[in-house]
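The structure that follows is given in the form of structure tokens.
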Amino acid sequence: MKWLGNNWDQVLVALGEHIVISFTALAIAFFLSLVIGILAARSERVFRWAIAFTGFLYTIPTLAFLALLIPVVGLGRANAIICMVAFSLMIMIRNVAIGIREVPADVVDAARGMGMRGIDILAMIELPLALPVIVAGLRIATVTVISVAVVAAYINAGGLGTLIFSGISNDFAPKIWVGGLTSCALAVAADLSLARIERWLRHRAD
Amino acid sequence: MFPQRIFRNLFVGAVVLLLAGVPASAQVRVGSKNFTEQFIVAEIYAQALEAAGIKVERKLNLGGTLIAQKALEEKQIDLYPEYTGTMLLVILKAPSMTDPKAVYDKVKAEYATKGLVVLSQAPMNNTYNMVVRPETAAQYKLETVSDLARVAKELKLGAGPEFRDRADGLPGLKSVYGIEFKEDLQMAIGLRYQALAGKQIDVVNGYATDGMISALKLKRLKDDRNLWPPYYLVPVVRREALDANPQIADALNRVDALLDEPTMAAMNYQVDGEKEEPKDVARAFLKAKGIVH
Amino acid sequence: MLFIDAWQFIVAHPGRFAGALTTHVALSAAALGLAIAMAVPVGVLLADSRRGTQLAITAANFGRTLPSLAVLALVMPLLGTGFVPALFALTLLALPPILINTCAALQQVDADLVDAARGMGMTYAQVMNQVELPVAMPVIFAGIRTASVQVVSGAVLASYIGGGGLGDFITAGIAMMALPQLLVGAIPATMLALGADWLFGLLQRTLTPVGMRAT
């Protein structure tokens, strides 16, 4: 890989950009889905509406979504991050809500019996116990977000996609290979690490 | 409060990353459109400015003509390389003209009203050249675009995303030459010659300075009815950026004067044919001309 | 209003729109069809082998994480530009969800059910066709549903490697900053994806044996 040898700095910059926007989007999605997910856990109506709406967002093709945002937020990172957050919400809200609901009722009752307030029960019992399921959702969201970020390079958000598009623009295969394989590797690595964390959390919860 | 601390730290981390992601403002931001020549010229401009002591940020591979123009108008970039014919027909949507100086003067004047400065034009006319494989030219006896019009119904065209909508693209070919192709395919600009060589398409809207045209020994068809205006290369700069950094004008005019068609075609070939990086080709050019050491 | 301009664009270029729409649907349908034709039989064949199923699921899980654009782009240096390379890439993208769901569904079929059927004298093939597959159908169709949305979405990207489809309007719209044209690409593509999701959701529910329906 002669090209890679001479241009690894370009690849690292692209990788760095990719990780930054992905992480930012995931963090935002995480917080949004916590808030909405907690509400959805308590109310069947909220759950159904939230899932229906975010499910609709998820079905929109990536490039179409990015394109639809152009008149609103223009090009670049902000556009990409909004898209990534939108795509992550369904799975994360669903998993937060389901995770909380699956906490055994008697555990919650016992806590209430001990005089704990609602917010403490949430923070110290329900959320920690729901963590494995939440992380399972985070895992899928992470892979989704990395995938979107690859396409987002087209609207100038930076990231590994720039290598792919540049390689296609110049009909230069090595760039396509490096960009393509690195983004695959990043997605797989993220998936495996989160799978590990998920397994550890489940093991700990038993 | 294990979970609470984690959540709070994550939140702070996200905010920090978001802010850190905002790049430090460079003095000048150089943009480019989405094909090889644009990458090379933008790099030449960028490196020439750096040699003149200006800090440069590159925003290359913008998706097309009007998106680059929009980036300029919305102050997301400070300058990019454009062609006078494109400025006339596609951006200003004005009627076509044949005299290079007339075109230059018109676009310069109109752009000035938008707060954009058009610097000197380079001695290269990167006009459209409809090209076909030598066998196709021999088979149908093609010398001019009018000849192409005769047989276009049997041929497939491949072009970039703008050609179907530009006044100097398919609509122009239709109104001036009456051309209707059997099929017209849209693809990334850099893939046209590969598709042509691979016989997936038969005709390409070549750019006069494309390195691959001579490399593949393609036949250029003469524009006998003068559909296309001159497309001379010019740097387009935001007035405010120029006022803040007056050295931009000299630096860019100097390199522009050195860009003629053979030079540009050779550099294009180094990237498209020999797969070198645009920035390396730009550097070698500037070194040879003594602008960079 | 943007939507009106978008509609007028379609009216002004009916052939172009019809062509792009047809290509998009053709690419998506063909890729989905090919993926089903490959993944379901493989899932069935491996149903008996624990290790085989594990391997298939692991491989498919790996495939599931690959960014769609990366797969499309990586096919280009190998197969060139156009419809066929795009079809190849999209089929690859559709395989993982269908394969995973087929394997998982067949594995989850109640062992007692299978034993009972065997006990009644049914052959392996009969058990598979009359017991296991019908029971597994809902989950298999869930996988097909996921794959269909992925394929319609991926077909939008095919424009970049000359595969045609509704993505052409999006890239052209971006290049020319023509917002109506952007919508001409983005909205029908979204509608196609939603339509596929709805259609396969409907099929999934219809094919669920009555006794197994949740409602």
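Assorted remarks:
First chain written, first letter: the chains are A, B and C, and each begins at residue 1.
By definition in this document, contacts are C-beta pairs under 8 Å (C-beta built on N, C-alpha and C of every residue); 3 or more make two chains touch, one makes a residue touch a chain.
These figures come from a predicted structure and were not determined experimentally.
Counting only chains that touch, the fewest steps needed to get from chain B to chain C is 1.
Inter-chain contacts peak for the pair A-C, counting C-beta pairs in contact. Averaged Cα coordinates give chain A a centre that lies 36 Å from the centre of chain B. For this pair, chain A with chain C, the centres built from the Cα atoms lie 22 Å apart. Residue numbers of chain C whose C-beta contacts span two or more other chains: 76, 160-161, 171, 174.
Looking at chain B, residues 34, 63, 67, 188, 191, 194 sit in touch with two or more other chains. Along chain A, residues 154-155, 165, 168 each make contact with two or more other chains. Looking at the complex, you find that chain A touches chain C at residues 56, 59-65, 67-68, 70-71, 143, 146-147, 150-151, 154-155, 161, 164-165, 167-168, 173, 176-177, 179-181, 183-184, 187-188, 191.
By the touch criterion given at the top, residues 34, 63-67, 69-70, 90, 158, 160-162, 164-166, 185-188, 191, 194-195, 198, 200 of chain B touch chain C in their complex. Considering their complex, residues 1-4, 7, 10-11, 13-14, 17-18, 20-21, 34-36, 39, 59, 61-63, 67, 71, 74, 76, 188-191, 193-194, 271-272, 275, 277 of chain B touch chain A. Listing the residues of chain A that touch chain B in their complex gives 3, 6-7, 20-21, 23-24, 27-28, 30-31, 34, 74-77, 123-124, 127-128, 131, 154-156, 162, 165-166, 168-172, 174. Listing the residues of chain C that touch chain A in their complex gives 2, 61-62, 64-71, 73-74, 76-77, 149, 152-153, 156-157, 160-161, 166-167, 170-171, 173-174, 179, 182-183, 185-187, 189-190, 193-194, 197.
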